[in-house]
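Let me begin by presenting the structure, written as structure tokens, before commenting on it.
Letters A, B, C and D name the chains as they come in the text, with residue numbers starting at 1 for each one.
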Amino acid sequence: MKNKVKKIGVMTSGGDSPGMNAAIRAVVRACHYYNVECVGIYRGYEGLIEGDFIKLNARSVSNTINRGGTILKSARSQEFRTKEGRAKAHQNLLNEGIDAMVLIGGDGTFTGGMVFNDEYSFPCIGVPGTIDNDIYGTNFTIGYDTALNTVVDVIDKIRDTASSHNRLFFVEVMGRDAGFIALNAGVGAGAEEILVPEEDLGLDRLLESLKRSKRSGKSSSIVVVAEGDKIGKSVFELANYVEENLPEYEVRVSVLGHMQRGGAPSCFDRVLASRLGVKAVELLLDGKTNLMVGLVDGKIETTDLEKAVKGKHNINRELLRVSDIMSI
Amino acid sequence: MKNKVKKIGVMTSGGDSPGMNAAIRAVVRACHYYNVECVGIYRGYEGLIEGDFIKLNARSVSNTINRGGTILKSARSQEFRTKEGRAKAHQNLLNEGIDAMVLIGGDGTFTGGMVFNDEYSFPCIGVPGTIDNDIYGTNFTIGYDTALNTVVDVIDKIRDTASSHNRLFFVEVMGRDAGFIALNAGVGAGAEEILVPEEDLGLDRLLESLKRSKRSGKSSSIVVVAEGDKIGKSVFELANYVEENLPEYEVRVSVLGHMQRGGAPSCFDRVLASRLGVKAVELLLDGKTNLMVGLVDGKIETTDLEKAVKGKHNINRELLRVSDIMSI
Amino acid sequence: MKNKVKKIGVMTSGGDSPGMNAAIRAVVRACHYYNVECVGIYRGYEGLIEGDFIKLNARSVSNTINRGGTILKSARSQEFRTKEGRAKAHQNLLNEGIDAMVLIGGDGTFTGGMVFNDEYSFPCIGVPGTIDNDIYGTNFTIGYDTALNTVVDVIDKIRDTASSHNRLFFVEVMGRDAGFIALNAGVGAGAEEILVPEEDLGLDRLLESLKRSKRSGKSSSIVVVAEGDKIGKSVFELANYVEENLPEYEVRVSVLGHMQRGGAPSCFDRVLASRLGVKAVELLLDGKTNLMVGLVDGKIETTDLEKAVKGKHNINRELLRVSDIMSI
Amino acid sequence: MKNKVKKIGVMTSGGDSPGMNAAIRAVVRACHYYNVECVGIYRGYEGLIEGDFIKLNARSVSNTINRGGTILKSARSQEFRTKEGRAKAHQNLLNEGIDAMVLIGGDGTFTGGMVFNDEYSFPCIGVPGTIDNDIYGTNFTIGYDTALNTVVDVIDKIRDTASSHNRLFFVEVMGRDAGFIALNAGVGAGAEEILVPEEDLGLDRLLESLKRSKRSGKSSSIVVVAEGDKIGKSVFELANYVEENLPEYEVRVSVLGHMQRGGAPSCFDRVLASRLGVKAVELLLDGKTNLMVGLVDGKIETTDLEKAVKGKHNINRELLRVSDIMSI
């Protein structure tokens, strides 16, 4: 039944990502456009349980499209994993008169939404916001493109000093379960080798490749390593191993860490967030629930939250091949 | 017949765009990988006619992936439009032993390639490099994503001063025939209005919208205008017209101009350029010609050069609607 | 007599500049530190006349140090130039219990402060915030360093396309009366010629220099022009003149405009703003008035507001010489 | 005796810093201007001993002013510490006809120059290029300003995620012996606490300050730590200690590392490098030796190399006080 929805809540949950504010802004403005009230829920499910709400109007989100982080803050909530926690949450929504929610985040965020929807038939639409790009049902998650640019920009800087000193750098980037950032930023930064969780290059092949690189006249090299790479050694262990076995290289390590989550979002992420945020509201107004909105081959598509959580978004293996060809 | 190609020439032609160097690098390294020689042709068809060539090996393109502009330089050639010019060009290719070419550029570049291929059956593959994104057969041209980020970054700066002073800014961006930059950067920058060549908003609606904006409490506004917008007035005339009719606004104009063509390419453009450059070489080695490589729904696809030139790449009209919703 | 001051007002006035928020933050936090109340005055003297005030505490300025523009907004006020306007302003200050003011801005801002201080013996300390660096009594104004980086960054982008196409660019930068931005950003960007208001290079010498540049093998050139350059032609007239007289050059013009006022402030501007803001509060608490704080040879010094307004801050002529040597 | 110098060598040595290329460019162009030959020496003293030289003319340094790293590469040489090494180096200079050198680098670089000058009376002028700003005789070293902006830019990004999650971040920046980067970037980034080698804040005061911060309503905090801070714990030990003692904080660590050495130099660093490079050549032409050029209170001044190496450049203690006031 359409038009039932009168007041939409919006939250960000899990690890923050650049563009979350652009998504919030899109939800708020779409609510305004369709004449529905909008309420911000602070700190994800934690704020939901505490009833930490704020009314949002079109002006509340002025000058936020360009800001990193999330104005609604984010958190991980243990209590929402309990039935009591979710009961409190539901009661707060009833009290506030919120009758549907847009959930911006990743796997954990969507899982929460699914369970909650199951138990209380509460309409929820998910918007994929995470830098890791590891969500099934969308080619791109909000924040991923910005993170790639951040990583590439930093490796450009590291390359300046690497090539001035003829050094080999191991650069660790985010991605515990997925190599999207490592693979794409690695190709973008012109890395000599890229280690991803999806493929076990093996230590021997790494050494071989670095030796060949040296022989071919390369005086400096960058190896990009995803946090969760398959070799199963920390980036520092890797660096030591290579230094021991290839004494001709002076090796350095750089762990990029949390800076990858911040910064002004790229144009791509702002546009993506705007499109997905609007669509999420329209779906709720249309009586839909339990779906994630995503960008598939340039079009906005929906996926069941369950599929989005359980499905596997695979890296582009053609790009591994391109990387091999480039790293001569 | 495969494997005929032994030496590939590569040129950049027309307006330069960020990522052209990444595409050149990909062509060079793919040639190396496939054991084919590679020759750089300076200044597009002009250099081709003059025989201004340089041998390129894998090391020639070290540390270029992150650099704007084109190391092969670019130009527009009148002489190549004559039969004599093309004959000279062909002779130079024969003399140099080049038996196939990768042409990086836009419409004009591809038209040249088509004619040349027709007259001399010389194998040519096109790679779309232009910031305007106005090429049929690819969702994204090389340089477009970077230009969007440049524009959004500049408008973010302009917004700082616009909102400090409660001003209305008209910002002109590139796009004589296509509104891709205006539309996407406009949405990304949170513009209140976006004027594109594809749609005639009309002066009245612009005034109406700005009045409504003012009433709704907005104290500053940004209007993004494509060079070739439909209203048919220069951005300065537009600004004057609005200032006369809406004296409550203090109006300023900013024409972004050529800075949009420069700068370090974004990760997206570097990856795109790498993929397309490799594919272009592989197609030539595979005996193909007269095609453009492009990115269609995430996959590398080919299009006849003629179609690429004559086809129309349309802006996303859904995004015009999103823009309307956002600009409340 | 010390300790009289119990409540300090702070405003930004005139053209905004990056780092104004860092200065406001420093004033607010210094007030907190010294246990004095702090009130923000919106839109400079205009807000002062209208009584548009806001209480500011230490938290009000969280996460503002990195933001361009001014959270207190800025304006130019005609009414404050009248005795009646100033009487209203004074009455508002009395009503609010504000007994001293920090004025962040440039010449016009300080002139207002001086007159007001004369008529009402109202304690005022000026903080130099303008991108033009044209204030006597400080080596650097807040925002100047950021503007230099913005200009240099844009010219780097323009150079990419200039050198890809062998073009000559005229780039107009801000500076109606002073060539600080043109001279320093010109040297920083490696400009071939720099035209400043302080020196009449003359059209002939410009042509001569560009010819020599061409002969020496330079294929592209950048000429940086201050808005108020001495030759007395607009940058477009200059470009036309050169194109007519040096047909070997393809000439383009870029007017950078208001983007120069925006953006996240550089570290230098943030530190400068923090130091000057603290000092301004300490001076007021110390019973001082009618002074501007500035950075002179690395130390915070004070200058009479009158001197600051009437004195002339001269560009570094040694740097003109360095520019000549560099532009071979 | 003037005018003896006919051919000047230039090298970069030690840790690289942004702006070194701008300094090389200035030396090369000043040589051209004064009609003296210029030779680049690769990889500092190592290349000097190996005779790894390259002729540089005005065009050799085109489009380098904006590039990080050093086109002459850098290295640390053990062999130059031996008398034999220096004898080889001297012989290479004689063979090449180089009769004076400009040495761009830090303490180690200048020490080498001093010894060499002593033993062979070979004219050497030092130019301070290091991001650490720890050289006596100049207010600013080349690269320091850029490093500050890099650090502040990264901490801005980290703050996005810190404040979205109410976290406490320990950010380690470069500076083994000097707290310049930590102190200035810390103030610029709005850090709550700054730990520098020059002052032992003590663990208790750190805890106390963080507790107070929390009580005052701060939900996130950044502590900037110089590599060589006085507390004598690694940044990870510090973080653990705080997490154990202040369980209300969720603590994260980020070690910025080598990215601080790279990147396009800021305008300030480019201008500084241009001025110092020109002056270094002029001093050599003027028969001077064993001096370092520096910027002191806005003017180019010289200091004996020995003093530059042995003297202590102190951080600005007023700024520690400003930091205290700001971090409420």
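Basically, a contact is a pair of C-beta atoms (placed from the backbone, for glycine too) under 8 Å apart; a residue touches a chain by one contact, two chains touch by 3 or more.
Everything numeric here is computed off the predicted structure, so don't read it as measured data.
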Any chains in contact with both chain A and chain B? none
Between the Cα centroids of chain A and chain C the separation in whole angstrom comes to 39
For chain C versus chain D, what separation do you get between their C-alpha means, in angstrom? 28
Compute the distance, rounded to whole Å, between the mean C-alpha positions of chain B and chain C. 35
Touching two or more other chains in chain D are residues 156, 159, 163
If every chain is a node and each touching pair gets an edge, what shape is that graph: line, ring, star, complete or other? ring
Residues of chain B touching chain A in their complex? 25-26, 29-30, 32-33, 58-59, 62-63, 65-66, 139, 145, 148-149, 151-153, 156, 159, 163, 184-185, 187-190, 216-218, 264, 266-268, 270-271, 274-275, 278, 297-298, 300, 316, 318-319, 322, 325-326, 328
Of chain B, residues touching chain C in the complex: 12, 15-16, 18, 67-70, 73-75, 150, 154, 156-166, 169, 252-255, 257-259, 261-263
